[in-house]
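Consider the two complexes below, in which chain A is the common component and chain B and chain C are the respective partners.
Right, the complex of A and B next:
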């Protein structure tokens, strides 16, 4: 049982990294724009398809393919922000964003179904089925690489947010949208960049998701609920919180599945979520200011 | 101003307003007409000269979308063939297929609309036990026969409905041939331990229960037995549990996504069970190969009541028509396709036997006769299960899904003309 438990913890940490990549965009977009992006699940799937197309039709390795898919997803994010999200009026913006982004998700799902049908796909590469044997554990390369990618990208995002001028504009918008506007920050530009960055980071999460799970245009729905609870636990708007919460969620679920039953895995996670929210209503790393806006 | 007193209203004539008795007569006529239209759904007569409309709800999106699409292909192939043969009762058939998004709520709504609003003449079943169960009550309410090919879970047949007919193998019996084969092995070869993992799905879970009830008395110890939610996206803890249990054989209650994930994890963890059988997924032909990789399929097993080269009436023609229309090879034809195709075949035979689309007669005929289908003989018991269906075990060997059937001693022997023997233990990854 000890080995099994250790394995569950290791698996949870590695898989958590992948989920953090998928959730980072969601938390960033909410933190800056107060937009609850229900389309985040389909963004993940769209990104998986982009990597799949590059790999199957052009023979480009999925990790190298991020050089293309991340800017593409950035463009998709900017386009959606400009086309749909920006049009929402400040009043009831968060509530309306649920409907609008859900509609966006349905449209993207429909387009993907048109092009790829409902067939299940998976991204292949030489390292997807391989693993390394360390301390009695077989650690799959794809999860190790995915976790490393998560750490690097989230660290880069952190540096961007806290060390660059654009990042400071975004953080200023997080802390006080009206104040940021008053000191000359172009909120529309910041929002577009934020939505784009959120989608671009999701490109990486989608690639790893597509290499570890079979997917079709419908796969986003099972993801979105989990991603939402991860960002709530981590604290809406907190990148580090997303990483910690994703790892915590997956470890809790994996350990519960091993010690008790997979049926109760999600329940246990939600129980922990409720307990955390009772003590820290803004999540583990959430800023009260973010919610107060 | 003139004020009406009680009784005066009969004497006042307002232009364009009918006297009460006429209004009552008109309303009565409208009601009769409406009733006639409503009952036309029950009798299934529709327009006696136009095409026969068949209503179907399929999961074209959602969890079952891959299977839903294959079912759509099966229904469409049957309709095309039927029309090419002159139609049904001399009328062409048209399919009215609507998407239920794999939702139990939507599927019930769809059938209600198909029958009460679209007034279809016949209905064919959706994909999956869960959706069949969710919609069968609605269909029963309108007195329609509900012939289906993928709702074989026990729970469908314990509702006391008399109108549901599953043309395929009863789900609970799917793994029985495999389990009896394992139980019949000589003690020296027989596996000592087994691991079971299944979705909380009425299609998969009963199959594993039935197999376990055969294997445990035969001395095959259960070392892992877990159920997981069907919406699971991270299968690693379940795979890890199976691997840690070091089971000799693994039985998983899956569809394509989860069996693909399990195979991937078993490969990554270098875990090689002597036998691996999944309730569904490996039967998905090309999609299964694409998802697990061509070099990973070897030795994996799946139960089914059909295979592409089966010597059943019309089967070769159906496979040929499928390849002509959708491409690929015979081995790549999903087993969902013949399940759907058989629904059309059996319904058509019953309709022809009756010479009408009357639903009550159709239900009676379905309960009393034996039918032919591309899946083999079909004979329904009182609950609507196909008692003539037979469970084969299929094993991937090279590029083929090789069929095996149990002999008198429960040993799995190749189905002629196939001569390859079953691989046990399966080769390592």
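Right, the complex of A and C next:
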């Protein structure tokens, strides 16, 4: 029991890192644009398929394939921001953005179904099946590599946001949209870049997801519900919060599976959010102030 | 002279207090048409689409009564749709009822159970506002979907539950469900109308405009929001009950469907958020199109692509909704005419003006 429990905790931390990577784009986009990108779930699935195609048809290793999939997903993100999100009128913008991104998600799901059918796929590589023996645990390489990738990319995102000029523009837009516009920041450009970065980071998350889970075009629904829980739990707009929340929620889920039953594990995942919001309505790291409508 | 006479008619639906004679007659004609419809168009494919359309009129109207009036975007109303469906299935099986007309009496009971479900859900979700509220309703929706798989005693898990089979022949089978759905749809719209005209409705609108100020002015916001949320749950649950009875068996993914959450919201947006006729018109237009798409492209991803593109087109070109857009067009026309009335050119007013006015009257009647 004891080892099982500690194994569940380690697993939870490692998968939590990957979920944080998938959720980072969602919370970043929300922070800058106050938009809930429902298409984030299908972005993950799309990225998984891209890595899958590169590997199966061109023999490119999924990790090296990120060199292609991340710019590609960046383009997808920019295109969606430009094509649909930007065109929404200010009135009811946040509500309409949910409907727009949901519609985009349905279209992408339809296209993926058309190309790949509803069969379950999984990304295979030598490090997916092999495990390494550390501190008495057998840990699959992919989880370790995935966690490392998550840490590196989230750190890179942090450095970008806090050290680069574009990052400063993004943070200025997060703090005060109108103010940022007044000092000459091009909000449209910042929004497009944010959406692109959100999608590009998701490309990495999607690749690891596709290597650790079997997926089909329908997987987006389960993903978006979990990712939404993570970003709200962490506080909308907070990337660090998303990391903490992802790890906490995944550890609780895995521990529930050991202590109680695997059937109730995913219910527990959602129940955590309900319990936390009873105490803290703005999430763990959310800002207390509610901005006026 | 002619222009002043044509002014009087369209001006009325815009002012919108009470029901004028014209609107009463048109409303009566509409309801009469809805009642006669399944006896005129007897093709089962047609009546099936019509029945689903009415269920969505009810569900979208119920959604709008809470979300449209208060501004809180609930994206988890499938919780009540599914709860109503499973409540109905459980009642029918535990009471050992046979299929038939009498069992429709359980529809309001199933609605009440869904309303009871809405009480804790609303209490929890309404502790938050804006985006967090949206996400909470989505999360609660997924909790219920998982519960439907896991609570075998209530739902029989993924094997699903079967409902009593009505003894009606294929030709008239849909008619019973159609009429039941019509009753629920009319009730939902009537409730929206009553709420909108009451001081209660004004409190909801005050919450939408500025919740903190409404609270400061003495609106008991929590109570008012929760009451409306439960009312929405009750109405949506009744729609779910009829849906379950019509299908004959109910499974978790059908009862708790993510696309339902978004569809009813989109219908209300399409017709006109926060108006009474908006969700009705939105559902009357969108649901037949959706059903057609489903029938037309059964296999593969095409129906999904068509759905998504339809959604995108609707959002792109109708951001304000049909009813407010038409009202805006009408208002501009009237103003142009009123200003032009002084100048001599206005005497030959073009026929397009009258057609727009007619559309405005028809739109206004349903509100």
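Everything below uses one rule, namely that the second predicted complex is superposed on the first by the 275 of 293 C-alpha atoms of A that agree within 3 Å, B and C clash if a C-alpha of one lies under 4 Å from a C-alpha of the other, contacts with A are read in each partner's own complex, and residues count from 1 in each chain.
Keep this in mind: a contact is a pair of C-beta atoms (placed from the backbone, for glycine too) under 8 Å apart; a residue touches a chain by one contact, two chains touch by 3 or more.
This one's a predicted model, so the numbers in the text were calculated from it and none came from an experiment.
Undergrad: For the overlay on chain A, clash or fit between chain B and chain C?
TA: Verdict on chain A: clash between chain B and chain C.
Undergrad: Which holds for A:217: it touches chain B only (first), chain C only (second), both, or neither?
TA: A:217 contacts both chain B and chain C.
Undergrad: In the overlaid three-chain picture, which partner chain does A:75 touch, first (chain B) or second (chain C), both, or neither?
TA: A:75: touches no partner chain.
Undergrad: So in the superposed three-chain picture, is A:3 touching just chain B, just chain C, both, or none of them (first/second/both/neither)?
TA: first
Undergrad: Which of the two partners, first being chain B and second being chain C, lies in contact with A:228: first, second, both, or neither?
TA: So A:228 only meets chain C here.
Undergrad: When the two structures are overlaid on chain A, which partner does A:263 contact: first (chain B), second (chain C), both, or neither?
TA: Once the two structures are laid over each other on A, A:263 reaches both partners.
Undergrad: Look at A:113 in the shared chain and tell me whether it touches chain B only, chain C only, both, or neither; answer first, second, both or neither.
TA: A:113 sits against chain B and chain C alike.
Undergrad: If the shared chain A is used to align the two complexes, which stretch of chain B, 21-29, 111-119, 237-245 or 291-299, clashes with chain C?
TA: After superposing on chain A, the stretch of chain B hitting chain C is 111-119.
Undergrad: Chain A residues touched by both chain B and chain C?
TA: In the superposed arrangement, which is not itself an observed complex, chain A uses residues 109, 113, 117, 217, 221, 263, 266 for both chain B and chain C.
Undergrad: Flag every residue of chain C that touches chain A in the complex, lowest number first.
TA: 71, 73, 75, 124, 127-132, 134-136, 138-143, 146-147, 150, 209-212, 258-259, 262, 265-266, 269, 273, 300-309, 311-312, 315-316, 319-320
Undergrad: Residues of chain A touching chain C in their complex?
TA: Chain A residues touching chain C: 30, 34, 36, 84, 87-89, 91-92, 94-96, 98-100, 102-115, 117, 217, 221, 225, 228-229, 231-232, 236, 263-264, 266-267, 270-271, 273-274, 277-278, 281-283, 286, 290, 292-293.
Undergrad: Can you list the chain B residues touching chain A in their complex?
TA: It comes out as residues 60-63, 65-66, 68-69, 102, 200, 226-229, 231-234, 236-238, 240-241, 244, 256-257, 260-261, 264-265, 267-270, 287, 290-291, 293, 296.
Undergrad: Looking at the complex, which residues from chain A come into contact with chain B?
TA: Within the complex, chain A contacts chain B at residues 3-4, 7-8, 11-12, 15, 109, 113, 117-122, 124, 128-131, 133, 138, 140, 212-214, 216-219, 221-223, 226, 250, 253-255, 257-258, 261-263, 265-266.
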